[in-house]
Amino acid sequence: MNRALSLAELLQGVADRGRRMIGRVRGGDGIAAGLTMQQLCERLVSSRGEVSGVAYAGAIITRWRQSDAAARLAFLDMLLARFGSDHAQVAAAIDAYARDPSDMSASLLHAATEPARQDLFRRINLAPGGVETLVRMREDLLPRLALRPDLAVVDRDFIHLLSSWFNRGFLTLRRIDWSTPASILEKIIRDEAVHEIHNWDDLRRRLQPEDRCCYAFFHPQLPEEPLIFVEVALTRGIPSTIAELLREERPVLPAEEATTAVFYSISNCQRGLRGISFGNFLIKQVVEDLHRDLPGLVDFMTLSPVPGFAAWVGGDSADVEGAKEARAIATTPGWIDDEAACARMEALMPALAARYFLLARDDGGRVIDPVARFHLGNGAQLERINPLGDRSPRGIGTALGLMVNYRYRPEDIETNHERYFASHEVVAVPSIRSLLPRTGAKRPRLPSARRGAKSEHKE
Amino acid sequence: MNRALSLAELLQGVADRGRRMIGRVRGGDGIAAGLTMQQLCERLVSSRGEVSGVAYAGAIITRWRQSDAAARLAFLDMLLARFGSDHAQVAAAIDAYARDPSDMSASLLHAATEPARQDLFRRINLAPGGVETLVRMREDLLPRLALRPDLAVVDRDFIHLLSSWFNRGFLTLRRIDWSTPASILEKIIRDEAVHEIHNWDDLRRRLQPEDRCCYAFFHPQLPEEPLIFVEVALTRGIPSTIAELLREERPVLPAEEATTAVFYSISNCQRGLRGISFGNFLIKQVVEDLHRDLPGLVDFMTLSPVPGFAAWVGGDSADVEGAKEARAIATTPGWIDDEAACARMEALMPALAARYFLLARDDGGRVIDPVARFHLGNGAQLERINPLGDRSPRGIGTALGLMVNYRYRPEDIETNHERYFASHEVVAVPSIRSLLPRTGAKRPRLPSARRGAKSEHKE
Amino acid sequence: MNRALSLAELLQGVADRGRRMIGRVRGGDGIAAGLTMQQLCERLVSSRGEVSGVAYAGAIITRWRQSDAAARLAFLDMLLARFGSDHAQVAAAIDAYARDPSDMSASLLHAATEPARQDLFRRINLAPGGVETLVRMREDLLPRLALRPDLAVVDRDFIHLLSSWFNRGFLTLRRIDWSTPASILEKIIRDEAVHEIHNWDDLRRRLQPEDRCCYAFFHPQLPEEPLIFVEVALTRGIPSTIAELLREERPVLPAEEATTAVFYSISNCQRGLRGISFGNFLIKQVVEDLHRDLPGLVDFMTLSPVPGFAAWVGGDSADVEGAKEARAIATTPGWIDDEAACARMEALMPALAARYFLLARDDGGRVIDPVARFHLGNGAQLERINPLGDRSPRGIGTALGLMVNYRYRPEDIETNHERYFASHEVVAVPSIRSLLPRTGAKRPRLPSARRGAKSEHKE
Amino acid sequence: MNRALSLAELLQGVADRGRRMIGRVRGGDGIAAGLTMQQLCERLVSSRGEVSGVAYAGAIITRWRQSDAAARLAFLDMLLARFGSDHAQVAAAIDAYARDPSDMSASLLHAATEPARQDLFRRINLAPGGVETLVRMREDLLPRLALRPDLAVVDRDFIHLLSSWFNRGFLTLRRIDWSTPASILEKIIRDEAVHEIHNWDDLRRRLQPEDRCCYAFFHPQLPEEPLIFVEVALTRGIPSTIAELLREERPVLPAEEATTAVFYSISNCQRGLRGISFGNFLIKQVVEDLHRDLPGLVDFMTLSPVPGFAAWVGGDSADVEGAKEARAIATTPGWIDDEAACARMEALMPALAARYFLLARDDGGRVIDPVARFHLGNGAQLERINPLGDRSPRGIGTALGLMVNYRYRPEDIETNHERYFASHEVVAVPSIRSLLPRTGAKRPRLPSARRGAKSEHKE
């Protein structure tokens, strides 16, 4: 006679409430009846005591969810035209500041220049589903920016509010495993961006064995929506190919025997949160948690793609030794199935890769590879080069099969990170630095990574 | 920095503990080292203070799990040979009873006759995973009974203990939905016994829309193992074919607009609990819960298979009007695709079905159909006959396509149930009773089902 | 062998993590070692990739918690002096706006004028305990404002951020009952501001009987800190004295027989959130939830104190009929124990109270009574006047014993609320309006409350 | 708008369901209407399909709860008179066994001799609250046994069933802390049997500081009823007096600095489960959990009362050296406040205590002290003698102030336990054994406890 309490109910019952609210709207809009979207927004912003605010906010959310693309564009246009800054108010505050340029008058000027949109957005969150709807609204806005650059000023308000609300302090790390609700798991399948999850069996192979795990950040208001997740393999030794991690039949390693945690895939799930970064916190936190739960783990590594490598080899690096030959091989169809070509490629790649990571820079003076920028910026060091680590068409197409390992040493993360941002120094192990040409002039002083006994390897 | 608390951990962490224990055994059996399975069992039963009992029980569980079929048979043989009754003790207790045949001496005789197996089984439960292992042990035993009828005495002890431990009062009803852990959902896919669930998408169609739901019983010691589950469709009106419930594309009915809850599939999940009935409690409880949560529901129906019908038509019912013709059609290959044959079958079936349910009996005088026995025994009434309700090969093969609806009227359940067991009366609506031949002699007095205004229908 | 999972762990483990962090700081500050509070704050604000931000934020939180009053004042001074606006940046942005006064330049000006404090505050939330610490920091700031009005500009930044983060959409309503963790209950005892809870037994009497309940708002980051709570009695009929609700020995009413929910105490718990209002949402939500769970409830009432009444009678209302006599009685020591004095007071009070609520206004033209402003502003109506409803010293001292009932009619809440804010109209039942003097000139047109059959009462 | 999910609801909602059921009974007994308690029990036992069983069981539970002492005795009498063994059936089964004394016929005889009560009890558990009611029924029965020894046969059936259902495998260990629901904490206050908890503040001092903890066993069907609990202090070094653990003002030790876990109080909560032992499992499990969570803990100790000591000194031990003097002091009123007397007592006690534990035995040859039997039987060893460890009136009265420490060495628990039960050997450290008189003849060979470096101490 016990009540059937579904696990979803533990997830704060948000969806349930959402349904209740929609159910109510089915039966009529209440005080929102007969009002246009703009009127609803105006009433919401002007409502004083907020008692009716919940109803207006709920009506706005429901209407927006039911809107088609054209109505959503009209909504954005309205946000742009009607909920911007009050220029008279701005002018008055500037005058006041000019008369008395104090911190208080600057603070008042700050308040006077706040676009009405920010208040509107905050009030939309009075109703259930508010945060999620704002994320979806920005998801709708972002792809329009190319054609409608004037909407950028609206996006600024979304960014401001969502950055504040999706602050690290509000996020919860949860383990994703085979006991996770299917409603969440289907989003993991859908959003995996690096090594596609083909079906539920493939997913299970990545979650259920004790030498595989997955972690995601969640926000309390979106309990069934992972924000970002990382997939981890527990191994003995550092893997050099993705195939060895993902193959169907393999012996499972008892978790307590593992020495190495390999982060082999990191994916963002919310397009509406583009530019609001979680990845750095995620890796740092997962390293900490794994370290605590499995004291046997001594190495924290990635096995990462190198998405900019093929283009670099094929392009500006023309004069680099070996690049020409690599290009010739790479443009021969089917080279990956030709043993001799592969052997040659494997021989050429380390020196090319060392140059790509350590010397090559983009126009802004930055490391070219976006994945490298992410991990190096997070405080990792470049640990190993794995030619032909990814033989999938995508791996060949974007990186001539190259993969690399970045290593996270908990004790170095913060100093590596600070160094990277201070000087764009790429921290790499000596064995990689030694691959650079010996001619002094071209070789900058490069920071040397600390080498622990555990990280020794031959290449 | 919040800890990643997986939902599975809320499920009492049993699996986790199991793992911990296995992990320990990897590292050596401790006090169990070097002992045979029989010695372990003997030590477990003789251990006085139970402190070492947990270790012995854990070792027995681990060993048994790692055993192959032959070792498991040897284990059963040992249970039979070494852990039966102590006949000297039985004889002494019989003597004592003979001298003073009181309730106390009967109680002492009861204790004296308890096979040692029962105590052994109870003590196996000292260690984590005990209950589940006992269920698996019986799962291993049951199929052997045909060749080894002498093991029946061992089975009696399993039945006694598992009946006591899987008592209704210990079971929890939980809703199964798309937020349920995947580890549970995969068992729903695996164990659906009536209308196969083809894949995860098929499963989602049965769980996620608001007009579909599913409930299962769980035992606190097996938190990830459903014991029995029922799938329910919420509809307006009583469905007559399974196809209309399971088809992929269909409009979803808002739950609060539904008038009818249709139980269209009930499956047991634990072979090791065969004969320990939950189904009756499950339906009764789900009816109560749905009734409370969706007051708009007025009809509680099944859409049920009739697994014994084809055999009955093909067999002993030879002399019944229409049976011969039905047999002729049924033995024509491909008849289900022949419109005329189908029309004829639809015409013949109602009278045949009425006879099958209301008059035909097996050698023990019972209703022939096992599904009918289940629902009628639970207090349902026979509500409607649906010729060609299931055109699947299985539906055609076992029931010539026939399906029926049983109706659960909350207010009649208990009296129908009592009547059925008192007199084997089949409660059916008048429209079904009227299908019987009018010749008085052959027609017994049949109980008439109450008809509510809501249950009116034409056939 | 199951793991001991404390209920607190379900509360997101925040405290636990906090401890872990403090533990770490015990062992040394890591990268924060040797830095002053100001240096920590500067590093935190300037850290680019946020990886080291968590460590700086954690160190700031720990240091602040360990600070004494003087150090906390120094911290505020530093916030004032060092983390205000960048006036050069403000001036440049004003120039840019002057050249092109567009929405975009206004938005850039808005960004340029943001005091550095806001960014600092947001980043403090990178570490566990951030939100709570910010609330405590404001708790420390508020009482200093009287002597240090220059700190108001700092308070503006706290208000801005906390308003955004304690937005209704982030709050969770939870029932407080006898199964609530003691760590939360002790805060209910401590923070009850209207009718003191004397001890745990007194608390139990307000939570455990089925005709008593209590609800509180929580924020996900402060899972053990109620923000505001309301105590409710379920009754048949409208109570007119607080004593009848709080007395120790009384028959308990079965919850489903109750017709009336009486909100008899509302208390705020977080001084650091002063001015950020939750009360209106709380009552509205509790009305909705009770309405859903106990359909028998038809009246939603308060039994409220009238804290401004005694001062009003004693003061500006000098010329009002009956006031002089009431003053005379009130200044007689021990009048409350004098039956004749009480009877006289009971006779005088209704007319005085009607005048107090309906006609008297403060200098700003507002209703005088703060509790009245709260409930009327939330959409309630004045329902009944209860002379000598509270005979406690406090009740006598502040209100001559007067209590009133405000009624929340779910269908009128929003319109009453809008009316109140549009015109400061006090909605009262006719029986109260009729207590006003009949002389036309002094009597404004007053809105009449709707009267349901259920709300009939005699006075 | 989130739903208020009380923590209690996570506790399986049993109470809630119980209320629902009671609510239903208020409105009429349904099929139970008009039946006597005996008729209800008969119907419940004879109901075949169990569908109506839930209703009968619910009615029995409700009636019994509402019964007064006389009605409860009548209920027991009915259980005795009407639900015992079926002697005709017993006789037939004895005959069958006599003809064929096989295991199967013994098993059938076992079934035939089962008193009807056992089936009745199992079926009472069909309804919510069944297990708890059976525990309460036994609680009612036990004190009657002295006057009504004939009820012992009824008690045997309670014991049989409750032993099976409260099997270790079904129990969950939960930490009790200041975040535990008040409804559970009040039971901790009520049931503490060793060192009284005076009020909620006293309780808090035992739960909240990080160097104090408490663990309890729970059964899934009684989620708000602790079965047994143990209070633990984390210390550096072994405490010799209870006062140092319980005093109000004391510095709190950071948990990770503790080296010793001191079990200073163990209390049973359910009188209805008397004789069904959990204590041994509890200590073993808590040792394991603490060991895992706080690796710094190396010593697991009790600080235990010696409830049989004063009586032993005062009685049969008359001829033992020092006993006479101790008796003389103990019978001097106020000796505990006389420094000289205390000093003398402290000098006398070690040798007396050593004799009490190591040599003295009761008529059954057992160690006299019940607390000693408990801990020694669980595999602990006698570690230290603390004269005047408990100066409370109770401590003086029962033990002349004596307390002792028993040590649990995880690696010795099982062998100590086996030794104790094999030979009643008391394992004690050498420093205690050396306190025995040196005269060889009187001194048996005593087992020596292993001494770790950590356990060294002077006395």
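Residue numbering begins at 1 within each chain, and the chains themselves are lettered A, B, C and D in the order written.
Note that a residue touches a chain if its C-beta (ideal position, glycine included) is under 8 Å from a C-beta of that chain, and two chains touch if they have at least 3 such contacts.
Predicted model, so just to flag it, every value in this text is computed and none were measured.
S.K.: Check every other chain and keep only those touching both chain A and chain D; list them.
M.R.: Neighbours common to chain A and chain D are B, C.
S.K.: Among the chains here, which has the CA centroid at the largest distance from chain A's centroid?
M.R.: Of all chains, D has its centre farthest from that of chain A.
S.K.: On a C-alpha centroid basis, what's the spacing between chain B and chain D, in Å?
M.R.: 39
S.K.: From the C-alpha centre of chain A to that of chain B, how far is it in Å?
M.R.: That gives a centre separation of 47 Å.
S.K.: As a quick test, compute the distance in whole Å between the mean CA positions of chain B and chain C.
M.R.: Between these chains, centre-to-centre, one finds 54 Å.
S.K.: Among all residues of chain C, which ones touch two or more of the remaining chains?
M.R.: 1-3, 5, 10, 12, 54, 127-128, 172
S.K.: Which of the residues in chain C come into contact with chain A in the complex?
M.R.: 12, 30-31, 48-52, 54-55, 80, 84-85, 87, 90-91, 94, 97-98, 101, 103-104, 106-107, 109-111, 113-115, 122, 125-128, 130-131, 152-153, 156-157, 161, 163-165, 167-170, 172, 220-221, 277, 280-281, 284, 377-379, 413-415, 417-418, 420-421
S.K.: Would you mind writing out the residues of chain A in touch with chain B in their complex?
M.R.: 1-8, 10-11, 19, 23, 26, 171-183, 185, 199-200, 204, 208, 210, 215, 224, 254, 256, 285, 289
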